[in-house]
Amino acid sequence: MYDAAPFAAAAPRRLTVGVADGTGTGGWDWRASVAARVGTVAGAWEGTGVRARVAAPRRTPGRPRIRALRRGLVPLALVVLAVALLGCDAPMSTSEIEGSWNKEVWKPYWVIIWLAGIVFVAIMAATIVLSLMYRERPGREARQIHGNTKFEVVWTIIPVVIVLVMMVPTLDSLFKLDEEPPADALKVEVIGHQWWFEFRYPELDIVTANELHIPEGRVVDYALRSVDVIHSFWVPQLAGKVDMVPGRDNRMAFSALNARPEPYLGQCVEFCGTSHANMRFRVFVHTAEDFERWAREQAAPRVSSVSRTAEEAFLAAPCLGCHTVRGTNAAGIAGPNLTHVGSRTTIGSGMLENTPAELRRWIANSSAVKPGSKMPPMAQSAGGTLTDEQIDVIIGYLQSLK
Amino acid sequence: MATVAGTLAQPTHTGVWSWITTVDHKRIGVLYGVSGFSFFLWGGLLALLMRTQLAVPNGTVIESDRFSQLFTMHALTMIFLAIMPMGAGFFNYMIPLMIGARDVAFPRLNALSYWTFLGGASILSLSFFFEAPGGGWFNYAPLSERPYSDGSGIDFYVVGLLTLGLSSLMAALNFAVTIINLRAPGMTMMRMPVFVWMTFVISVLLILALPPLTVGLIQLLFDRQFGTHFFIATEGGDPLLWQHIFWVFGHPEVYILILPAMGIVSEVLPTFSRKPLFGYPAVVFSGIAIAVLSWVVWSHHMFTTGMGSVPRAVFAVNTMIIGVPTGIKVFNWLATLYGGSIRFTTAMYFAVAFIATFTIGGISGVMHASPPVDSQHQDTYFVVAHLHYVLFGGAIMGIFAGIYYWFPKMTGRFLSEALGRWHFWLLFIGMNMTFFPMHFLGIAGMPRRIYTYDDGLDWGFWNMFATIGSYVIAVSLLIFLVNFFRSVRQEPTAEANPWNAPTLEWGTSSPPPEHDFDAIYTVRARDPLWYDRDHGIAPPEVTGEHIHMPPPSYYPILIAIGITLLGVGALSHLAVSALGGVIAYYGVWGWALEPTD
Amino acid sequence: MAHAPAVAHGGGHTTSTGTENRKLLMWIFLGSECLFFGSLIATYLVFKHQVIERGIGPFPVDVTIDGVSHHGILDIPLTSTSTFVLLMSSVTMVLAVYGAQHARMKMMKLGLLATMVLGLTFLGFQVYEFRTFGHEGLNLTTNLFGATFFVLTGFHGTHVGVGVLYLGSMLAASFRRNGLGRDTGAHVEIAGLYWHFVDIVWIVIFTVLYLIP
Amino acid sequence: MAHSAEPMEQQHGLSPMQYLAIGAGLTLITIVELWVSYSGLGSLQIPLLLFLSAIKFAVVVGWFMHLRFDHRLLTQVFAASLTLAILITIVLLTLYWSADADSIRGYREWLASG
């Protein structure tokens, strides 16, 4: 029914996104994954002593109340499991606090998780205990109770109190997150395109794509906009998301807490069409000095050391219709700015590593790598106009644009 | 009961034509139920395909655009073609019986609702032969606009939903009037079974929530067909207006999906606990409170769209308050178990499991009522987990409780309890396997609506786990089908009130005669059959007077065909619309002049 | 008890609340319509200021943008006349209902006819207004004022059109041998509810769209 | 008992002459409305116009549609729906007229600046 063949044939070797500990190393080994996970869970169980408590009542079987309690521990175990997993360091985990926004989020979040956990355990336990205790048994009649006003009042007040307790930190964080950024905040415009991110630094005269560089500890004031459909800007470890809505000027401000060599991973989270799943980006957090250096390099026009003939070949190709290379007459705006494309680690909005081989695949026929890509195929073999030799020259040129 | 069926029996109609022209609420209920369940299986199949694609990172089973169509059609099918009609099936069959009436207020309108539903469902589902909509079920503009979705998919969405909306509106009007006006003598509002109450609340919600959706769909239709720019920002429109309008409808819609299940559970729990529902007024009023509050929370679906702090704070507070009446309901259900003598039939298993799974969905719902937390949850698998705990753990569990509970009433036969246990446990386990890990995936940062994800993000394990769970659900549904088809072939053995239940639908034979009751009950208490039993009151006497039932009519299906053609015309050629209009008008004319007595 | 069944189809008309089913149905339906027109009017109001801010005319009212004054396109005297026509149709409608309920068939038929004629006159005014606006450069796609205006008044006009068809069918049926049958009063009254509702919607639209600057 | 066996169709309402008088009154209010809309009363104008149209609305609903003489249930049904419609309109407009206007203007300026 579904013709998956064309896609399967072209299935790209995707970029693995391993972070510091070098996890993502190619093919997915589910056995190893299971083993690791079981280890984590078991560790969590040992750590909380749940297992011991689970085992204990087994020696005194019989009375339904005890058995019920024992079963009541299952939901408790689930909560422990959930908490154990919150700590897991998935590269896009929302529970890793690396940004000021996320730090603020977790203030109400912890309160709410605890309340939710307590309510969850209480209701699961009550359901199981009541179900077991009041099973039909010979000689026992159901008690014909219609209701009890006192109980109703009590369990109206309980959720009211819970909700009130949730509201206080929620509103506190909500208004804190919406505070005006300080005047010296770094201004960054984030512009959503189908399906890539454009980053502009109006004060620094930098335009780049798919790789955001920010200094550690300094508040960044983001203006979030879209030129086509609704996208959403999200780096889970740093901050929650804010949508990029055409027609609106959305703002968010936060700082990254720690500089580190590995990028933070971000992704569009509002469904935006064919390659929504492939609309990814990276955030590099530098120390103040490193950021200064990066900004200086990026603000410069294209590096002059590139070979004249390669540049001419590039400018003769259809590329300049959509791409800009500052210092040349390539000034298209439909696609990412390529002035310093050689300095980026990835291409295709975070899909491929920035290597000559991957660039070749991308330029030859980008939509074979990224479904729906707006960049038409360039290679003659895919219906474009460029020969393999021409593409080679262009790749060399692009790689040199550091 | 029904001892004198011989003198009262109407000629029983059989054959396809009798089903097409039927105006009997029980038959229409069966039509709704069977159609709804078929669409439920179809929607489930779409989900299995998606789960298969997502089982491993970089899956290559389904390509991107097809995947978008799958998740869009899965949602539309489950919401509009499965859960709502299955609910409508129960309303149709049970409401007149439960309020002691002989039919709904407008039997032909009831038939028209069903056939219009079938027309709208066909338009929506047959889109797979052309281009299925792929913008998600809330179909955000401007992705749904011409420049970004050029194919016919979104047009199928618009026309299908307009037709289905019309059908739901007619059904809701009918049930609102039926419940207000056709109650048996003595059945005051506060003596109505909770299921009837919830049906009433849902009808009111539908009547008030569908018009905003209709307006939004019309504006989208105009944008796409006539070049207006309601939702196109560069031309002065506003994409967020679509979101406001959609969620003004969409949030009440969520309660429209879950309240029938709450009603069913409120019937099943007392019957099998053998004691009245604990705190009946509290359960009823919290249902009403939920319905009222559902009108002032819609923007919590839009916390991340850049609304100001104050609006978000207001909508957050409103949303959290919904947790209070919901909590009251859960506590009262639990208190209904307390002190009971619980008989664990399959229906009761589903009802008790409903309390647990629905509570999980409720808790996660309150969690993202907090805008800061929601900024991390929104559009991730955490939300997918939440909504499936509400709609699968809530609505579907409740509906299965209803199926096992009322099957003997509807067919005169029992579903096998042994197979029922297998069905229940596999479904329960599969459901939790599928949806609970989605909480973890959401917290680990997995966005919803992605057709693929990279290796190395730590999402592989739980995705595989969830996929296995989805196949467990599929197996459990196969067991249910076996159970169903085995049972309907058996000889009818069910007596009038096999569960010893308190409500009026059990006061007539199983299955009920065409005229429902040989004699109309007088209601003296909230649990009429138990009250009569305990006070030694005999069932009402049959007088043998002639009971007039409305004759069958083919005008409903004729009008429905006209309405469907109107919609098809909007997708193809206006001449088809004109033809549809003429047919519909002719149908209405014939309908108006058709003698009903 | 047994001789007073709660439900009797056709003639009996005994209901739990004493309100006739069809009348209740129509009122609930009109409640639903409130939300329909409410949403359309809300859309109009949402865009009203943005249209002027964006500066692409024609505009509903007189505005001055960058020193250039633009003439408001709405013709209030003309619309006042059509509003009066629709108001009068409500008067003739209520007389038709009176006739139907008091078995004065001639009064009923004349009332229905007059209401239809007034309704068609109103539609005529609307067609004229739409055409004039078209000549002045305002159509569905010009700006959001055009879109919201035409969709809102267009759907109101559609309701008037459906009402004319409804009343016309009823008038035609009343010439049959047994007229509208024994429920004549109820039939015409319910049609009247619909017609009056269309009128009150126009009262709101007239104020919100035309009169309020 | 909620069950009432009274005959359904009571003939109630006004006489034809009274209906004509109401029609004349409605016309009069419309003329006043027109005068108000041209008068330039400033801040009073909009509330006054809304008030006058509310009177017309109420008169048509109350007398022409017989709501004053009918079962209270019908009034409740209609009033509840109307209230909800007004409420949603007000909430929506509040949302748009608060922070949103700036956000929309900001985007337009950004778009215009290329």
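Order of writing sets the labels: A, B, C and D. Residues in every chain begin at 1.
Following the convention adopted for this analysis, a contact is a pair of C-beta atoms (placed from the backbone, for glycine too) under 8 Å apart; a residue touches a chain by one contact, two chains touch by 3 or more.
From a predicted model like this one, the values you see are computed outputs, not experimental measurements.
A.B. asks: Counting one step per pair of touching chains, how far is chain C from chain A at the shortest?
C.D. replies: The distance in steps between these two chains is 2.
A.B. asks: Work out which chains are contact partners of both chain B and chain C.
C.D. replies: For chain B paired with chain C, the chains in contact with each are D, in label order.
A.B. asks: By count of C-beta pairs in contact, what is the leading chain pair?
C.D. replies: Max contact pairs: A-B.
A.B. asks: Taking each chain's centre as the mean position of its Cα atoms, how many Å separate chain A from chain D?
C.D. replies: The computed centroid separation for chain A versus chain D comes out at 49 Å.
A.B. asks: Determine the centre-to-centre distance between chain A and chain B, using the mean Cα coordinates as centres, and give it in whole Å.
C.D. replies: 34
A.B. asks: Centroid from C-alpha atoms only, then distance chain C to chain D, rounded to Å. What do you get?
C.D. replies: 13
A.B. asks: In chain A, which residues are in touch with two or more of the other chains?
C.D. replies: 246-248, 250
A.B. asks: I need the residues of chain B touching at least two other chains; which ones are they?
C.D. replies: Within chain B, residues 180, 183, 185, 187, 207-208, 212, 233-234, 237-238, 240, 248, 306, 308 contact more than one other chain.
A.B. asks: In chain C, which residues are in touch with two or more of the other chains?
C.D. replies: Residue numbers touching two or more other chains: 4, 6, 15-17, 19, 24, 28, 31-32, 34-35, 38-39, 46, 50, 54.
A.B. asks: Go ahead and list every pair of chains that touch.
C.D. replies: After working through each pair, the chains in contact turn out to be A-B, A-D, B-C, B-D, C-D.
A.B. asks: Applying the document's contact rule, which stretches of chain B touch chain A when the two form their complex?
C.D. replies: For chain B paired with chain A, touching residues are 49, 56-58, 60-66, 68, 135-136, 140, 142-143, 147-149, 233-234, 237-240, 273-276, 278-282, 304-306, 308-309, 312-313, 316-317, 320-321, 323-324, 326-328, 330-332, 334-335, 337-344, 352, 355-356, 359-360, 363-364, 366-367, 369-376, 378-380, 436, 439-440, 442-461, 464.
A.B. asks: Which bits of chain C are touching chain B when the two form their complex?
C.D. replies: 1-11, 15-17, 19, 21, 24-25, 28-29, 31-36, 38-40, 43, 46-47, 50-51, 54, 56, 140-141, 143-144, 146-148, 151, 155, 165, 169, 173
A.B. asks: Along chain D, where are the residues that touch chain A in the complex?
C.D. replies: Answer in residue numbers: 100, 102-104, 106-107, 110.
A.B. asks: Which residues of chain A touch chain B in their complex?
C.D. replies: 2-4, 6-8, 11, 14-18, 23-28, 30, 33-34, 37, 78, 82, 85-86, 88-95, 101-102, 104-105, 107-109, 112-113, 116, 119-120, 123-124, 126-127, 130-131, 134-137, 140-148, 151-152, 155-156, 158-160, 162-163, 166-167, 170-171, 173-175, 177-178, 194, 224, 228-230, 232, 234, 236, 239-243, 245-248, 250-251, 265, 267-278, 371-372
A.B. asks: Taking the touch rule as given, give the residues of chain D at its contact with chain B in the complex, in rising order.
C.D. replies: 1-3, 73, 81, 84, 87-88, 91-92, 94-95, 98-100, 103-104, 107, 111
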